[in-house]
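The structure appears right after this line, and notes come after that.
A, B, C and D are the chain letters, set down in written order, and residue numbers restart from 1 in every chain.
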Amino acid sequence: MEFQDLQIMAEQERSRRKAIRIHCCTSSGCQASGALELFHQLQAAVEAAGQNERVDIVGVGCMGFCGQGPMVSVEADGVLFEHVRPEQAPEIIASLDGGPCNVKQGDHAHPFFSRQLHIVRRNGGVIDPERIEEYIAVGGYQALYHVLHEMSPAEVIDAITRSGLRGRGGAGYPTGLKWATVAKSPGERKFVICNGDEGDPGAFMDRSILESDPHLILEGMSIAAYAVGADQGYLYVRGEYPLAIARLQKAIAQARKHDLLGSQIFDTSFNFRVDIRVGAGAFVCGEETALIASIEGRRGQPRPRPPYPAEHGLWGYPTLINNVETFGNIAPIITNGADWYAGIGTERSKGTKVFALTGKVRNTGLIEVPMGMTIREIVEELGGGTPDGTPVKGVQTGGPSGGCIPEALFDTPVDYESLAEVGSIMGSGGMVVMDATTNMVEIARFYMEFCMDESCGKCIPCRTGTVQMYRLLSKISAGQATAADLATLEQLCHLLRETSLCGLGQSAPNPVQSTLRYFREEYERLLRKRVRINLTSR
Amino acid sequence: MAARTLTINGTLISARSNETVLEAAREAGISIPTLCHLDGLSEVGACRLCLVEIAGSAKLQPACHTTVTEGMEVQTDTPRLKAHRRAIVELLFAERNHICAVCVASGHCELQQLAVEVGMSHVRYEYLSPDCSVDISHARFGIDHNRCVLCTRCVRACDEVEGVHTWDIAGRGTNARVITDLNVPWGEATSCTSCGKCLLACPTGAIFSRGSTVAELERDASRIATIVAARNERW
Amino acid sequence: MKRHQYRADALIEVLHKAQELYGHLTEDRLLEIAHSLHLPPSRVYGVATFYHFFSLTPQGEHSCTVCLGTACYVKGAMELLATLETESGLRAGSTSADGKLSLLTARCLGACGIAPAVIVDGNVAGHADPEVMRARVRALLDED
Amino acid sequence: MNRLKLATVWLGGCSGCHMSLLDLDEWLIDLAAHVDLVYSPIADQKTFPEDVDLTLVEGAIANDEHLELIQDVRERSRMVVALGDCAVTGNVTALRNPLGEARSILQQVYIEHGDPRGILPSTPGIVPILVDQVVPIHMIIPVDLFLAGCPPSGPRIRAVLEALLAGTPPELVGGFG
């Protein structure tokens, strides 16, 4: 494949397009709301109306507004339909020629859409993720070509470094620095791993990206492999995401067929293979050493770092691990330049971040916003506040490793440092809104139960400390605990944070500590003076 | 082998460049509590008892898994570390049914000794009192899960020294437990060579030789290191 | 297994495949996998029980999985689960005695936009209503 | 010099700790010179008195009587010492905990394994009601000192008492079992 071939493919794809293109979201969220049936009905309606020559129905990736699914959009005039029922398909087709249409229409000018900035999700809801031609038609794989033919690995790393991109998996480690470490680590072989083990409950950014634009991730991984000198990649995807896995398999097969993966890519000496590894239900595998153990076919238990995977990773070789969203930023950075990317966001957090906005909020779904937007803007403007007008109480970011940010601090901008300052983390991007009716002790208990169940059991503080903390939270919640119990809980928070082997245990206290910090009275209200003991019930 | 100079608790000591902080400390006569570490076996860094403070590092580091560096300043016994160690030992005592009074290893038990070492006067946490089984299907040995601390020393001794990998861990979190072969009774585990290395490696009374009664079980865990050393030197 | 060239690191892939083919992992099958991949049986068992996806007991003919991710939790997934537990007489994670139905929970299906979500026999239902789900579960249990 | 008011309490335990105390033989006579034993299973006193200086508690909390008594002990003692492993950890008394809550234990003991099959003891006011889970005493009340051992040896008990009599903090070495 040559650059010209790419352009020819893109041109062919564009020229075979029909006058009207109707996008029907076929991502997991909308599929659950009946999108597949709708898709078929739309096709049938086009057929019935004799519009085959003029109208194309395209199954596309996620448009983001999952709560309003299934979503349908008409490309040319930008009309957006929400909550579309299959039987409404003929109405939509008729409306193309001015027919009456009572299908609920969405508003592109709504802040939910207008305040977003799409970099990683630019193709979501626009292209058919199951056809590589569509990705190529929007300029796909040109960044890879450019990198292989016009940039040295060092130049690629330099570009990523200058862009200011930081890891989107949670901790925000500078991506360029990570790549540079892997590149300079000596090793006969090197590996690139894409961490798609999106385990945070309440987060589905990675699922959506993988379902909507799998080639974007493959291209990002390929560029990374070239930069660090790897020839093999692994895409580790949660088993809970069958659609993402199926689309990735398809994407890999297509890329191989077009020699965009495999040997001598773009007629260079660069070889890169990608294999999928399907997770089997273990949150801890999001931790990079546990993920490596899992790819090696072992129990997903972390090991102490250092040595870091960048030096000693998969089968002992230098290994680059980035998450899905991080890889999603790579091709756009190469295409538009590091300076362009560095111009977006805040001083220390560059670019955009994808969030899954869920919970007690009117507009649930996936959003991509520039770093630095405030939580208030996200929750109130994009999210539209709570559905029934109940006051918002707080928002949990970062899932079980994150914290709860109270409404009073909603003017905090979303960037790595600011979120850490208020006791939470960026995390992978889950943002669960809680309203006044949400019981914060219960929320802390919910997350602790999660951590307890997901603890791998290797290190003592996490394995049994989470059990003790869960019991204490249950006791408090049931009104059976004393002030001494609360003190013990706080000591355990401290212990787990400082002594646990991996991030799971170290961050498990976050939800407890942040709710204690901002909603302490909810705990204290539940305390009793005297110890209570259960006697035999007769 | 190049030498490294470092300080542990303010005392200047020298160590070989590939040594761990734990090894360097022990050679200098400085004791750091350990549980999952056993000379001769690979390190897993799981018990977190040997965590030390290293100047310049915000995080505590496991001495067993941290290589010495030139000029390193290590603290092994600060109030913070002591408090953490005590809490970890208490968590272990609360996790399963460690009843010293009726244990074959009482008086010869590393966990019991650790409790003394870290100054555990009582356990502040709720005893979880799980219902654990005892397996005495093996002709010579038994395993009492009530006393297991999941240090995986038996797993590693069996895998790395005996080379048969009869033991492993099943399940996860606090439900994890050691198993033999496909979770069969130990006596039916055909891969077991009855070599007894797991018995030597076990820090508590979890793995015991049948026939020993309360406080009778004595064994020498350092024999694992002796076997490994002998093998390395011979070949 | 052949496809993975009997490589030890393919263990998880092989377990996935075996479970997909047979519904659950029996001890015989685990032993067979151990022999083929030249792995100690204890290691195979250890891996199979570490990951929650793998089941060593047969699953029901039908399955109903309630998502307990945060978004679903905030939107009443616990009440939903309680309703289904009462209706089916099953505790979450168990299968009815006649093998008809398994009532399960999931950590997060990533379908947070349509919370609360339930999967019935592989089909995701969003904005799940307790009464509707109760009727569906009843129908599955009563089916001949 | 004021004589110290000493009490010893026997909760859910085997009385071995008291035996160990009695093993101090002639030293007990020395002790008697300094203390008044105001309450003890080996003294004839029905209710726990007020204003006790030092109370040694043997045994874990296993029933409602223990629960009540330990509250009195705490309210009326300046210093409470958990004496022996049962008081400190639950120990053998707590061996029933893994078997389930109290009712299930009674069922197993009196009905399933009873020979001949008996009935569940239920004589309110006479037979104490079991707590569901046996707990060490510090789970109910604040404890000032923990003296582990099953039982703690006579000399260890003596060392602690001597230190306390002398008004110095006792050094607690050695441990459980």
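Assume a contact is a pair of C-beta atoms (placed from the backbone, for glycine too) under 8 Å apart; a residue touches a chain by one contact, two chains touch by 3 or more.
Please read these numbers as outputs of a predicted model, since none were measured by experiment.
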item	value
Chains linked by the largest number of contacting C-beta pairs	A-C
Distance between the centres, which are taken as Cα means, of subunit C and subunit A, whole angstrom	23
Chain centre separation (subunit C, subunit D; CA means) in Å	49
Between subunit A and subunit D, centroid-to-centroid distance (C-alpha), Å	57
Subunit B and subunit C, separation of their C-alpha mean positions in angstrom	36
Sequence positions of subunit D contacting 2 or more other chains	133, 135, 139
Shared interface positions of subunit A, touching two or more other chains	282, 299, 454, 456
Numbers and ranges of subunit C residues touching at least 2 other chains	43, 46, 50
Pairs of chains, among all present, that meet the touch criterion	A-B, A-C, A-D, B-C, B-D
Subunit A-facing residues of subunit C, complex	7-13, 15-16, 43, 46-47, 50-54, 68-71, 73-75, 106-115, 117, 123-127
Touching residues on subunit B, where the partner in the complex is subunit C	159, 164-172, 179-183, 191
Residues of subunit B touching subunit D in the complex	93, 97, 99-103, 106-107, 112, 115-116, 120-124, 126-127, 129-132, 146, 215
In the complex with subunit D, residue positions of subunit A that touch it	531, 533-538
Residues of subunit B touching subunit A in the complex	44-48, 51, 59-60, 62, 65, 80, 84, 87-88, 91-92, 94-95, 124-126, 128, 149-150, 169, 171-176
